[in-house]
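Below are structures written as structure tokens.
The same chain A turns up in both complexes below, where it pairs with chain B and then with chain C.
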Partner chain A sequence: MRAEWIKLRSTASTHYAVGTAALVLVLGVAWTLYVDSIWHERGLRSAAAAEEGFLPVVQLAVAVIGVLAATGEYATGLIRQTLTVTPRRSRLLLDKAAVVALTAFAVSAAVLLATASAARLVGDYPMAELDVAQLLAHALAATVLSLAGLGLGVVTRSTAGAVSGVVALLFVVPGIVNLLPTPWSTRIGAFLLPNLVPQAFLPERAGLEPLAAIGLLLLYAAVPLAAAWAVFTRRDV
Partner chain B sequence: MIDVKHLTKTYASTTAVDDLSFRVEPGQVTGFLGPNGAGKSTTMRLILGLATPTSGQALVNGRPYREAPEPMREVGALLDATAVHPGRSAYNHLLALAATHGIGEIRVAEVLAQVGLTPVARKRVGGFSLGMQQRLGIAGALLGDPAVLMFDEPVNGLDPDGVRWIRHLMRGLAAEGRTILLSSHLMSEMALTADHLVIIGRGRLVADTPLSDLTSAYPSLEEAYLQLTGSSVEYR
Partner chain C sequence: MTPHTLRAEWIKLRSLRSTWLVLAVSLGSILMAAGLALMANGMYDAAPASRRDAAQLTELEDVVIIVPQLCLGILGVLAAVKDIPASYLAVPRRWPVLAGKTAGIAAIGLIVGQAAMFGSALVTRLVVGDRFHLEPLADRVPLLVVSGLSVVVLGLLGLGLGTLLRSVAACVALLAGVLYVFPIISFNVPGVAGEWGRSVMIGGLPRLIVGADLTNTVYGTRLSASGAAAVLAAYAVVPVLAGVWALRRRDL
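And then the complex of A and B:
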């Protein structure tokens, strides 16, 4: 596992992805100051807190970390050397998943907590109470997305392909489902990745039970990883 | 020791390796020769378990490579020197390989010195010349101090100094009792480096013989090679 950690931290792309996630802190503060300056005159009752608005940026950034952990090796051909020194493929995939998950969770939890705290420190406009449990759940969703990215990266062996898959999960499919006629858009919408954490925390809204929502969330990581395992342990490199 | 037994690998349209059997013995440099597309690289990938054979098997030290308890300490391989992450430094590249087997930083520094890359160890590999990448690949192969070593065209891109350096390195490693499988298209260099030759054409064994037998029967190794592979050259 240490080998995977060294690989992850020694590439510029990981730094960029973490940097993008961290940029959310700056954007979040800017957003908060901006809303602060206008909410009185516009008579806003409440506005989204910064960490909510920029959540997709954090999620996408850590998803890219997961994608690149796989496709970076395929694009360079390094995968052959990696599998020469660690021919046990299941073990290798497990190590990669563990390193990606820990990194994604640490990065997204840190960025979301920092952004939320900073927003409440500098902002006066009415926003939702800081809910640490919910923020950690969002970090969990980001982690799930990065594991899905890893799985898609292994299966497709293409950065563009895997990033498209992640974007589809996060934006495209929810966007399409939103366009469906009303009973269906909410019924199907309940099963979509971005809607799972809110359902776990706002049970009064009709939808999935909190536990079911979290379970389904984990499936979004488990299914791509299982697919990755199935092809990775059999395929020639 | 490497033991290739009736190894066959068929891709959709081509049979890359065709019922190939040979052994690579310790204590000598075995040259692996054959025209472009003969199946040398594919054979090496099959030995390393990177590809699964259609039939037959390859054993390293008596078992399939994938079952080796500490793979890096058994086999070192250089397949494609350009297959490195360009953004990573030489040092970090080797450190990540070393970490898979609990090999320490001291050993990393040692192999970097052995291949002459110490001054550029912290530089991005993306900026390396082909010769420097070959040296880095060799450093990676040596890292686990393995008894079996495989090199796929390591002389490619090296300057005359580097070519001679590889020759001495290979001879030295064989003299230490290691098993060396070395592929190359440079006949004159091979004649100076190898003790034994395995020649293949179109995936099939053409010759498995001591170098001296060929050089005594033909005017030169090049002549021997051209005559032996004449009928199996696919691309001209």
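And then the complex of A and C:
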């Protein structure tokens, strides 16, 4: 586990991904200042808070960390050495998952909380009240996405494939479902990853019960990881 | 670019397994349009006759176009990132290699884009028959052609980014950024900046170029037709030129 942590910490791509996520704080402040200037000038009914607007950037950056934790080693071929040194594969996968999960949660929670607080410090325009629990739930969803990325990375052994898979979960499928005719778009939409956290916090919107939504969210991490475990324990490398 | 490098790039591209996977998924968008049309049919037939006249169907090729766009973008990234060291030993002058790749990706994008757009438009119309009063196919030809060209643009954007950054993960994430994250952010930004953001999104540009109606869409209308054409071209040309520039300066 310590080895996995050092690997993740010392990879340049992890730094870029964390940097991208952290950039959200800067962008968020710029966003808030800009929206504020409009609000002072001619008033606005409401506008999204910065952390809400830039949420997809954080999600994507954190998901890439998960993918690269798996495919980075396949791309360099170093996975062979790793497996020679750590032949117990379930253990290795579990440790990777733990390190990825902790990192993803810490990064996304820190970025979201910092951006949300900075936005409220800097901005005067009316935005939703700072809801720490909801922000932590968004960080949990980002963590789930990161673990899904890890699972897909192990299964496909391809960075392009796994990142595309995560992008499909996060954007492509919801985008297409959104455009379906009305009863279907909401019916299917309720089960899609980006809509789960909002359902957990706005139960008045028809859809899943909050607990069911969170449970389903966790399944989005569990299924790819289980698939990864199934192939990783049977495959050569 | 010599016939040699062009041929070499073509062989490399066609012998990659990912190329075929990407092509299959791209053309799967036609099946997807067929599936969506079948679903729409079911709803139409279940609705009472009085409500059928008002029923509308989104043009399904506009829905599924994202699949070939993303696929070609990924193919462009892979073509750039996957084989750099060996190619530049064999062909020490670098721009011909990139020119060969550009030609290959553009050709594939052209065929896949047009096939996916016309295929899904045609299949949709065959499946729905006389339900929904869809616009006749002939009236949509200009938009289908330009939307198909946006697939080429994504391919070259991927190729340019791949050459510049040499990281599959970063490039695919950036493609998702251009196609999804940037639009999501633009929708949420109020005022002039948001209006501009919504005007330069790839999704809206083909409609601006052919002068289609944008009143009921999320897209902005800040650009003229020629301005929109220039922006769409820039999405392809700027990254490729940046790639050429990086290749000339860099070790590998």
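Definition applied: the second predicted complex is superposed on the first by the 233 of 237 C-alpha atoms of A that agree within 3 Å, B and C clash if a C-alpha of one lies under 4 Å from a C-alpha of the other, contacts with A are read in each partner's own complex, and residues count from 1 in each chain.
The rule is short, and it goes like this: a residue touches a chain if its C-beta (ideal position, glycine included) is under 8 Å from a C-beta of that chain, and two chains touch if they have at least 3 such contacts.
Just so it is clear, the structure is predicted and the values come from calculations on it, not from any experiment.
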item: Between chain B and chain C, more extensive residue contact with chain A; value: C
item: Partner chain in contact with A:V163 - chain B first, chain C second, else both or neither; value: second
item: Chain B versus chain C as contact partner of A:L33, first or second or both or neither; value: neither
item: Touching partner for A:V132 - first (chain B), second (chain C), both, neither; value: neither
item: Chain B versus chain C as contact partner of A:S13, first or second or both or neither; value: both
item: First, second, both or neither for A:A226, with chain B first and chain C second; value: neither
item: Touching partner for A:V237 - first (chain B), second (chain C), both, neither; value: first
item: First, second, both or neither for A:T86, with chain B first and chain C second; value: first
item: Chain B versus chain C as contact partner of A:A3, first or second or both or neither; value: first
item: First, second, both or neither for A:L78, with chain B first and chain C second; value: first
item: Chain B and chain C contact sites that coincide on chain A, given as residue numbers; value: 13
item: Chain A residues touching chain C - in the complex, by the definition given at the top; value: 13, 16, 31, 34-35, 38, 44, 47-48, 52-54, 56-57, 60-61, 64, 67-68, 71, 158-160, 163-164, 167, 170-172, 175-176, 179-181, 183-184
item: For the chain B and chain A complex, residues of the former touching the latter; value: 45, 48-52, 65-66, 68, 71-72, 75, 77, 79-80, 82-89, 92-93, 95-101, 140, 144
item: Residue numbers on chain C that touch chain A, as the complex places them; value: 18, 32, 36, 39-40, 43, 57-58, 63-64, 66-67, 70, 74, 77-78, 167-170, 172-173, 176-177, 179-181, 184-185, 188-191, 193
item: List of chain A residues in touch with chain B within their complex; value: 2-7, 10-13, 72-73, 76-78, 80-81, 83-88, 234, 236-237
